[in-house]
Amino acid sequence: MEKSVNSNKILFFGITKDITGLSELYLNLEGKSIATFKEELTLKFPKLKLLSSLNIALNHEYVPLDLIISLGDEIALIPPVSGG
Amino acid sequence: MEKSVNSNKILFFGITKDITGLSELYLNLEGKSIATFKEELTLKFPKLKLLSSLNIALNHEYVPLDLIISLGDEIALIPPVSGG
Amino acid sequence: MKNLVQLVDSIDLDSVISFVSNTSCGAVSIFLGTVRSHTKEKAVKKLLFEGYAPMAIKQMELIIAESNELYGIEKMAIQHVLGEKYVGEQVVAIAASAPHRQNAMDACTFAIDTLKKRVPIWKKEFFDDGAIWVSSHP
Amino acid sequence: MKNLVQLVDSIDLDSVISFVSNTSCGAVSIFLGTVRSHTKEKAVKKLLFEGYAPMAIKQMELIIAESNELYGIEKMAIQHVLGEKYVGEQVVAIAASAPHRQNAMDACTFAIDTLKKRVPIWKKEFFDDGAIWVSSHP
């Protein structure tokens, strides 16, 4: 899907970029929960399961897994952070 | 007593300088304990008793009160410190 | 409370310290992170820091707000680098000022501990025989 | 372990940080003390620091040795001023480096706490209506 107002922008960082070969992706995730999105993505890229943790951020915040995604929300894959 | 090899140098710092009006003093303290020196000094300058603490240093170290002073030892009055 | 939060190419420690210094405060605590030459006895060639910039800024601002709530600091500044860094270079600087030193020091400790747990920045270590994403590699 | 211990006219923070920085260490913790504008709501005009120099140096060296024994630091530097200092000026700087940050931060806290208890330096505070030796005044 191309970038459009009818989609969600999904960002990949660190090792998730290497695993998926993607840095950005546009999908319509409207109405899906964070948990469902994560499950579907992991089915497509099983290597994501190997990470010790994988958080999903929504609009620059850590959110609970049962949160429902709205159109326009920015999603990001947050593998274990290692700043500092 | 004048400064000589037959004496002990006694140094006064901070408020003890104000109380005694002295910054240096030379006395022969050979054979006296730190406790005795402190007692005699306090008799001479009773205002020293008003301090919340008064340590006596010998040769740049904190020492126990029963230590015996030798000729040539450098003594210093250490009122409550307030560096930093 | 005012704060300074920046993602930078190079740490400017003077600006971090100047920002928090204040005549109503007697104490400034500073933490400085640098690139180590070795990780588990393997020689490090360089590091690459990648960040999710807007979220990283937001999370660092949150850390300052929490530091203030927990420790009553006067000001705090956090600078973190993105990009390539070599051995000995500075990668993160955190400074906190407070009227009393224990608060400034506790806030600084809390901030770096929390930054390492929560701020979306990732470090790739390059060795002679390859590279890994720290903490992430399966 | 190498250390740097100095009584100075003015703090040189760069030299303190450079001294402890080390490619085998990822963490530097720094404490910086400055002159506050007020003490118990009284405006401070200036401070005077007096020290028993040889004993102060010896005690600061002892603090570094103990910090190393307790926390396994790599390097530590302590600078303290003597003489007159005005509001906002730096009066003490302590820096510690260690392979791991908690050790550097704990050592820095221990060092400033112990310095304030044990190092023979005295601070006289000058106000509009007089002056007192801090902690000492009957």
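Letters are used for the chains, namely A, B, C and D, taken in the order the chains are written, and counting of residues starts over at 1 for each.
Assume contacts are C-beta pairs under 8 Å (C-beta built on N, C-alpha and C of every residue); 3 or more make two chains touch, one makes a residue touch a chain.
Because the structure is predicted, anything quoted here is derived from the model rather than measured.
Enquirer: I need the common contact partners of chain A and chain D, sorted by label.
Expert: C
Enquirer: Measure off the straight-line distance from the CA centroid of chain B to the CA centroid of chain C, and report it in whole Å.
Expert: Here chain B and chain C have centroids separated by 48 Å.
Enquirer: Return the distance between the CA-based centres of chain C and chain D, expressed in whole Å.
Expert: Here chain C and chain D have centroids separated by 23 Å.
Enquirer: Determine the centre-to-centre distance between chain A and chain B, using the mean Cα coordinates as centres, and give it in whole Å.
Expert: Measuring from centre to centre gives 72 Å for this pair.
Enquirer: Which chain C residues reach two or more other chains?
Expert: As it turns out, chain C has residues touching two or more other chains at 33, 112.
Enquirer: Strictly by the criterion at the top, what is the full list of touching chain pairs?
Expert: A-C, B-D, C-D
Enquirer: Across the complex, what residues on chain D touch chain C?
Expert: Within the complex, chain D contacts chain C at residues 13, 17, 21, 23-38, 87-88, 99, 101-102, 105, 108-109, 112.
Enquirer: Under the definition above, what is the set of chain D residues touching chain B in their complex?
Expert: 33, 49-52, 54-56, 58, 80, 91-92, 112, 115-124, 133-138
Enquirer: Under the touch definition given earlier, write down the residues of chain B that touch chain D in their complex.
Expert: The contact residues of chain B facing chain D are 11, 13-15, 18, 47, 50-52, 57, 60-62, 76, 78-84.
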